[in-house]
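In structure tokens below, several structures.
One chain, subunit A, appears in both complexes that follow, with subunit B as partner in the first and subunit C in the second.
On to the complex of A and B.
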């Protein structure tokens, strides 16, 4: 006897992710899943974006790390509400972890909820967390071959942020190649080139995010 | 290695599907679909299954894993070609104006159960006992 299931293996996660998304939308919270390699500059990018927005954005952050509180402490230092998830060795966050973490966050008044995923280009790709937008950060020192080496995560992201571009003069990173590779995999995705160090490219990214938020969750007024 | 979490989710899903179908026979085989660009390693799935399936409803089941290719669509020559791995130019005309789609499937396609009235009968060596029951499902369905 044969049972034809034809269902996604991670459908239980997907269902929970959809519930998360609906809950965030219901509270006018725009949720962004930020993925990238360890050290690609995710936390620094958040710090720079929040500084760029100042009072104009009320962010909260869920920090996902295998261990430690370092990134959460960095958010606390700049006064951003934060919950740290430690995955105890797991290489990605999943929707149930986000549901639990969100319970521990006061979301009233929050307009943007950022999830900094565990630094990993492989395992994070398959797990929808309930975000409205997925952004992949690729720091230029990592090399311009990463997009074709780890296609899944790039294929499934809404934007690529090339980070640390202040270092480009010291590297042989081909920005045009990275852009072309990304366009082949995710033709609809936006591509940004940013340096958190110099601030280059930050305003464009910040503006686009605000636009995306407005389009996804029009304010109550 | 997230294949462990995937196998865990798979085993839960198999139990749920069998339960929903009101069945209780032994699981003889599982048919999975793992796209070439899914970032999921088939060897790691098999390894995880060996490790995690004992004691579960799928203990001893054979794994049949299809790995559908991705497709490369060329803007220049119009070719739509199946590709097993990522390319940066059209395999037909060599131009770089291409878009790569698909190959990301991660599906539990079907579950083969031992029929209860055949429960005593030995299944064939590879675990396939109903090859004749026309089962040409579309592996896409995502």
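On to the complex of A and C.
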């Protein structure tokens, strides 16, 4: 595991994000920016997806956190190449941090690069990192009003993954309301309902991601 | 309910926060800044505390949200005076927003002013609003690693309230670990374990808050 300190680079974020995306595409690496609240289950979702794919996927991960290496250690434990970015108080990742982190990752043979953003439903919305796909995780214990209260991040995501759905029997979460709110904000977005604990919904999400990667990089599929 | 747009005021935040605090103290209003992730149960905790106190407490609330009035509507439904601040994308409240919002609240007779901050474990840490007490809510479904991953907000809080503890039987949350992490970061802070649904732990928190208010404004207690 490598730890990269966040550095401010003067290039405009969007320009740098486009350069990142072009570099990833050129290496046939499909890049996904995973956002969500603290504790929405992002790392656990990655662990479950990687187990689901097994040898059929060669992932690498960039972990963004204010402090600590908890998530990167979890990736190392399952043998996934990982770089930890510590933002030292900053509330989101930006494209310059990703460019620096990617230089510390061996991407040869990697098919999917996951970026696990800082847990934050607000500040992450405004920063393109150079990903091909943005996924927002919303854990059902957070409540079904979050899409209305934090609209930007949902509007700008390609998929909503409702996580921890094994807890639904113990909550008042209205899945139909969450779906309707998301469809209003982002009509093109896909919606998945997943429990990493029971495995429910994982195959559908895993299949869709592989299809999206194949569509983005047809020569590798 | 009134809705106040966030305005940038040039006065330094800390100076304005001190002015807010002095104004609240002068009116014998005890002010609490409630922070936590999106979906950590802040609004539900307020509803439960207000029900617990009944007529023994005269609260008012300032609700901070990126968008929408969901939380303010919940306060109106239980008859609590409320002002909604819509930050229009900003990720935290600041002291100028509180000063503006307080002008739209009738504080005569109010004993406790609650500020429910934007759901954000990062950006809210750096902004003193002029409160007398800062409380951080951490819902147990978020996981027991959050204190290590988002240290600033926990370090700068006077109390940690673990919420939704009725869900503990369905989770791997280690309460002892969370308590130990919090005690390391903030040795003076109190720690409460609460379920708004079952009422467990609410009386202890409610009693402590009344004591803190009495200590801050002895003439009213």
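To be clear about the criterion, the second predicted complex is superposed on the first by the 208 of 221 C-alpha atoms of A that agree within 3 Å, B and C clash if a C-alpha of one lies under 4 Å from a C-alpha of the other, contacts with A are read in each partner's own complex, and residues count from 1 in each chain.
We take it that a residue touches a chain if its C-beta (ideal position, glycine included) is under 8 Å from a C-beta of that chain, and two chains touch if they have at least 3 such contacts.
All values reported here derive from a predicted model rather than from experimental measurement.
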{"item": "First (subunit B), second (subunit C), both or neither touched by A:12", "value": "first"}
{"item": "Contacts of A:122 with subunit B and subunit C, given as first, second, both or neither", "value": "both"}
{"item": "Which of subunit B and subunit C A:150 touches, first, second, both or neither", "value": "both"}
{"item": "Touched partner set for A:91, first subunit B, second subunit C, both or neither", "value": "both"}
{"item": "Set of subunit A residues, in rising order, touched by both subunit B and subunit C", "value": "90-91, 122-123, 148, 150-152"}
{"item": "Residues of subunit C that touch subunit A when the two form their complex", "value": "37-40, 65-68, 70-71, 89-91, 118-123, 139, 141-143, 145-146, 148-152, 164, 166-167, 170"}
{"item": "Of all residues in subunit B, those that touch subunit A in their complex", "value": "1-2, 5-6, 9-10, 12-13, 17-18, 21, 23, 25, 32, 37-40, 86, 88, 96, 98-100, 104, 106-115, 130, 133, 135, 137-138, 141-142"}
{"item": "Residue ranges of subunit A touching subunit B (in the complex, touch as defined)", "value": "1-13, 90-92, 94, 122-123, 125-127, 148, 150-153, 155-156, 180-181, 183-185, 187"}
